[in-house]
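The first chain written gets the first letter, and so on, giving A, B, C, D, E and F; residue counts start at 1 in each chain.
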């Protein structure tokens, strides 16, 4: 039974160097259009849901191209405003082995999304028309107007009795020095409104400033997440622990805390082709499991497999169907499908 | 001492998405021309043999391109008919890690090869002019006319006292439901004619319906292959066991059963760049070993190394020379050759 | 005031060689998805109308890619069925100077669209929901089932009081020998149903078998089009005369016959980058002019300029907005817009 | 005898769609680094002069790439500051025939160059070390800080007894409404300082507000340029008249006014591959002619041929050597050089 | 009735910058394999003849690639020796408008062909097996060993009663200063042996040093070619006059002098995509006309149309079939063939 | 505190097949410009030093392109001569897994560098202007003139009291049969002049012919390097042991012998993207450590990490900055940097 899900956030142009080259080594770039909300919605669209970004794109050929590409990803453009001059961009130099991937942002503070005025979106109307809305902590890092828009939207969703989904997604570089202290009040407001939250123990410790007695990550998680759930009255909290192996494989452990119980996926270990957006795939898997009434143990395994598959796909945006994820949950690595 | 080898089968256009993209993610495709027979012949051509596909290509610019590319691979076009309108095609989305490669066929049932009339090839003449002819079970899956053409050709080869080579290559998706039952009589006829057969225990169990008492693959192989060899009077049977490791490396064990003795290669473990056609490389290695009077233990190791190297080559078609394969048999992984 | 327009017809994969190469000279192809209806709808979508193809795409990754690309073009997928195995394809070797462009079809007779059963589309429902439906003579060339589907749809549209748009688009190679005689009854049925028709004097002479007394093309047009309009009771007939200049420039004269009056554009002469789909751009311009109540002299000039611009755009599909076409109508060749 | 020439202005990243595609039609972009000053300096470097941009590039991988590419063009990086976050960008969709090229700017107002503080460049030191400095009217359109920096630099150059070169390069879109009135005082200040100026009659009429009695462009030029030269005490004024032919060829007439005499090139007519930067090539040719003591009639012909050749080169930046330009002045269109 | 034709000459690797870029502007190159003989043979192969290069390729992966590509062009490798280390190369920067194409040779004097020893080819055997052999004046420019090999081969062909075809193809840069004087004795020897010669009046004047009384090219041709034919007893002499129009179109007039009569094609004017190899296409057309007993007026028109079409094909090597050339002779510029 | 470092050696054009294809499988090549000295200098330039190749490039468009690319890498062209016709080239077919990379040289013996006359470089002047000069054993393999030039330069450097750096870099294929015997006297001369040498135990055994009692590589190293250091009075000797793991990862152990003490890096294991030039990165790291007065244990770890990172970079030339190498020394494999 398909749902209707919106996401509030920035659409960005990703400009990637081809063939693992550095920016200084290339005279071509590969272009795609993504963003945390775009990624989550795109995955949900592949699962059969109706998916609508709530955002602002520039009113020029770059905005046209972005909008066409969102349509291509299966997203509805009904709630996309066209206004302003700039699209946020990021340049990606994909890493290899000991060389980390490098992201250089461009034009972000001045983008159409980040300069859209308060109150310019019809939040109440959208809230009435959808089942759930996804918010991302990256938006909170932009500026006060974006923060106030996000909160106003979340309040509308809450008021309409719909589901508020919030991914903490704290990015240190965007908040700058004393970032945690600046971020805390905004995060707390969002957490009070949210029904489903993506976070882990580090967010609890650093953003929320919770004290912790254990020293192992998993123990900290078991200690802090129930506390957060209780304090902010959050029905469902989910997230992952990622570890990068010697040799470059990643391993991923997904968790889901709901009804006061922890559920964990089996740890998955896999090679990585494109790491960006894999967290959004996890978020989409959790949300799809909840919307589809999967058992929680099934939901956390589904989300982890969705995230694993997202690492094998070119670009930020997940492309796997529900049957493909089910198969990845059941089988080992596949040979050729013909 | 070079031999002259023909292969009966379909030539296909392979249309591959670049850079591990999905079909929905690309606006370019990489084109090559292959097919089981093309691959085997191409490998044999690199070993110094004369190699002639027996097939039909469309009489249009696509057929021209296919023919030009077969010439480039070193194949003679003497027995290529030009007739009809279509070339079989397959679209390849190469997988990565937990995402399997995906093949989508197009135009296959209506291809020039698959619609060529019975009796239209000069099989007797060809049989007289060559040393051996390679047949592939994929052709048997096409339609009755192709099946009858294949059998008629194999009978001509047998009648001329030349070597019939048959690769079982059973493809479940092509035979459909009840495929094994439909396939069995045709496979049995080919096996009765064949001198060299590529198969493993699963073919014996499923296609031929042989009972088996053991449960381990290797035990089943040791139990069933001698039985098949005896029942159908096949001088040589060969094949491989493939295992995909966690992390995506493949491991391969080659076997050769001849003179009632089993010979095995050392198990080889290696990373995979392009898996398609690696079975044809193995088949070519076995055939070259037999034609060149290698000792059987040498032949099975040569074929396994040929197959391992074929996994490192772009495209379906093997490209390694005899000295390159010998070196891969002797050394570990090489550094730079300069 | 935007309208809602559907188009019945086949979606095709265009596989073009890059850089003016021949198929034998390239190992990459550029992929796009088009078709006469797709082109007309895409142009109308850029003019602000709602545009819906009525077609069948295969239920596999190729169909997924086609659907995603239609969404990207701005088309609604509401009336797209997903069924069957194949998408029609054409290979394009773009010509240059004295070397004509060459099109090689593949898989067309077996495509999902051309094998879709009679009566499987909800024609009445669609007819009720739209303002106009575009039909193309290419569909009539496919097979009886497609022809009957097209006629049934046109009858539904007529019955619902909506506009039937028909582009004669007679393709000799598709109809084969005695093609005109075979085509005539079907074309006559469509013409009796149609409100807006694209054709010129050659269609009247050859398909409809009308006698003609004049020998100059333009005189023949003036003689025959009013006769056709009267015989078949067609409100509006439009079309173009194209001439290829020495040196390769094309020149185009558009005509529009409505209310028993002929309107002509100025002859336009221009260089050509991609000629395919330029006729569909003309058709879209005429339709947009009528839907938008442009004066007829304005409509025919708008359509001619739309067609001229379509020759400057990569691919089959027009991409110009209404303001861009207006500017091309007014100005000479532009320098840089910045 | 080589000279040392600096240029004050912004370096931009040019992001061009390949193969005449629109932004909505491509997922790759071609990157280069240019700017009016970069183009002039690059041309001068090819003529053997020492060429130094005076600018600010961001202190990140994008700035590294820009700097590496300027070095590649033969420019010295001695006066390049590295500071700030952004590089100005423009997206280019190259036109064809009746479809004009389209430029979409990104990030320009926030670029490292346009946000560099007043007084941060060591203008006096640079002025002492060079023979001439090139300024461009585009810089004047940016903001007050850039304008004041430009003027301060020009005053330093004047004070040091070196040559001030000023290209009016008025861009209506950058100055906005009432642009001429806003621009006039800044242009007047620059003209009072300048020794060599690039402009034509339109600049005199619109920016400087000069009255004009004639109606033909060439008459206006002959009327106004001597007046400007006299009013602002400018030794040399030069510029071009460009006309776009039906069919897309451009024709160019260069003029040079010096010592109170007008010199004109023959009108040149030629096809255009990449029009951007061709004006900078003309400017470089005039400057080189003056620095090299060419006769004025030679200088204007050299500059026009340099500009014509710049239209045949990929990218904004001229690449022709002095001998290549001399040959283009003497010969018709060349065949192959081998 | 197909003939068997050999050609003696060097195979070269062509390394072309893409998209009209300069070598300094590109980090990719497009590779193909050509040469005067390769081009002529390739065209003849398309006309149905058997075509065999007589040459030496290096015995390394570059030689493998060259050989594979010659097979792809339809050439037999029976007379290709594999020896030595180097393949001659040339870098091509294709020109545009007033910018001429630029060729930079690499490795040529040290190539396997140019260092192959005298007497190492089985010339007599080849001469016995073929109908005609093509020689090119470029080979004569290499070194004494190549010259002596060429003459020895031509003598064998003559001795075997087969046809000697000689294309003067004088390249000033390869012969250097006093080139004509150095070249003359070698050219005279070849002309005494030749049955079919490609040349024009300039070759007669400069290489052969013939005096001429007229001043117009065409008059000179009419004066000198019969004289050459008589002096050297050459049955057939053919060639072209090329003129480059303002705007870049080329115009071509073909002539054929046989049986003491001159035949001329109509002058053809056309745009040019790739000019290199167009002379070889003309040569192949003349040779095919003679071998096929076309009337001389037909032969010269066929050769001119073949050359015109060769200008529209990517790369040095002609790709047109006989029917395509006939159509180009009859029609104007074609639209789309589908 | 930046230093000024020169390097004497050949610049080469690297022509690499894309996407792991063989030369026979590609019609495009990727071009870059490198060489042992270029690589070392490029790395040093990234560390802030002034870097000047001492070499000869051809005086043609290929030389222009090479020079532009060296500037792009950050190298000064002050000591680059332009003379002669050819640039050395190598074709690279990058390997995968069991398929080794394959290098085919072209044009090397005839390159501008290898044919530059003795005494043509102003060695004494250069020696006076720099702090250190890097020499490479590959140059010694070329011909007597190059060898004598190298020695003369090293003597000038010694005479000027500057640092002679020598990388043994013995390439068996370049020296041919009896290579060690031919090489020995030249290597001995260089070693007597050198202050910093890159070598390992194999060089001592084979080139210098030293006897060795141990059988393990590391024991041999500990036995022989101090002996070499003493015999030739070399202050610092450094090098690596490389091992290729099953599965294709490389592992690297760096050593540094200075002040009669051995320092070793931790063994590093890592995947490899582009192995060529990684030894030059190690050399640059050692040299930078010494120039920057790092502690020896720090120097050897820095050089090893620099080499590890060079394996992750496209092309021969290292691109890592000092902070990037420090981070790689401290951390495990990084995730995304944003």
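FYI, a contact is a pair of C-beta atoms (placed from the backbone, for glycine too) under 8 Å apart; a residue touches a chain by one contact, two chains touch by 3 or more.
Quick caveat: nothing in here was measured; it's all calculated off a predicted structure.
Asks: Out of D-F, B-E or E-F, find the interface that copies A-D, where copy means more than half of the contact pairs are identical.
Replies: Matching pair: E-F.
Asks: Compute the rotation angle for the C-alpha superposition of chain E onto chain F, expressed as a multiple of 5 degrees.
Replies: 180
Asks: Look at all chain centres (mean of CA atoms) and spot the one farthest from the centre of chain E.
Replies: Max centre-to-centre separation from chain E belongs to A.
Asks: If you average the CA atoms of chain C and of chain F, how many Å lie between those two points?
Replies: 63
Asks: Any idea how many Å lie between the Cα centroids of chain C and chain D?
Replies: Roughly 45 Å, centre to centre.
Asks: Note the residues in chain F that touch 2 or more other chains, in rising order.
Replies: In chain F, the residues touching two or more other chains are 18, 22, 24, 27, 68-69, 72, 102, 105.
Asks: For chain E, which residues are in contact with chain F within the complex?
Replies: Residues 15, 18, 22-24, 26-32, 60-62, 64-65, 68-69, 85-87, 89, 91, 93, 102, 104-107, 109-110.
Asks: Taking the complex as given, what residues does chain B use to touch chain A?
Replies: The contact residues of chain B facing chain A are 19-22, 24-25, 90, 95-103, 105, 171, 173, 242, 244, 246-248, 275-276.
Asks: Mind pulling up the chain C residues that touch chain A in the complex?
Replies: 68-69, 71-74
Asks: Please name which positions on chain F make contact with chain A in the complex.
Replies: 18, 72, 249, 269-273, 305, 308-309, 311-315, 319-320, 324, 328, 332-338
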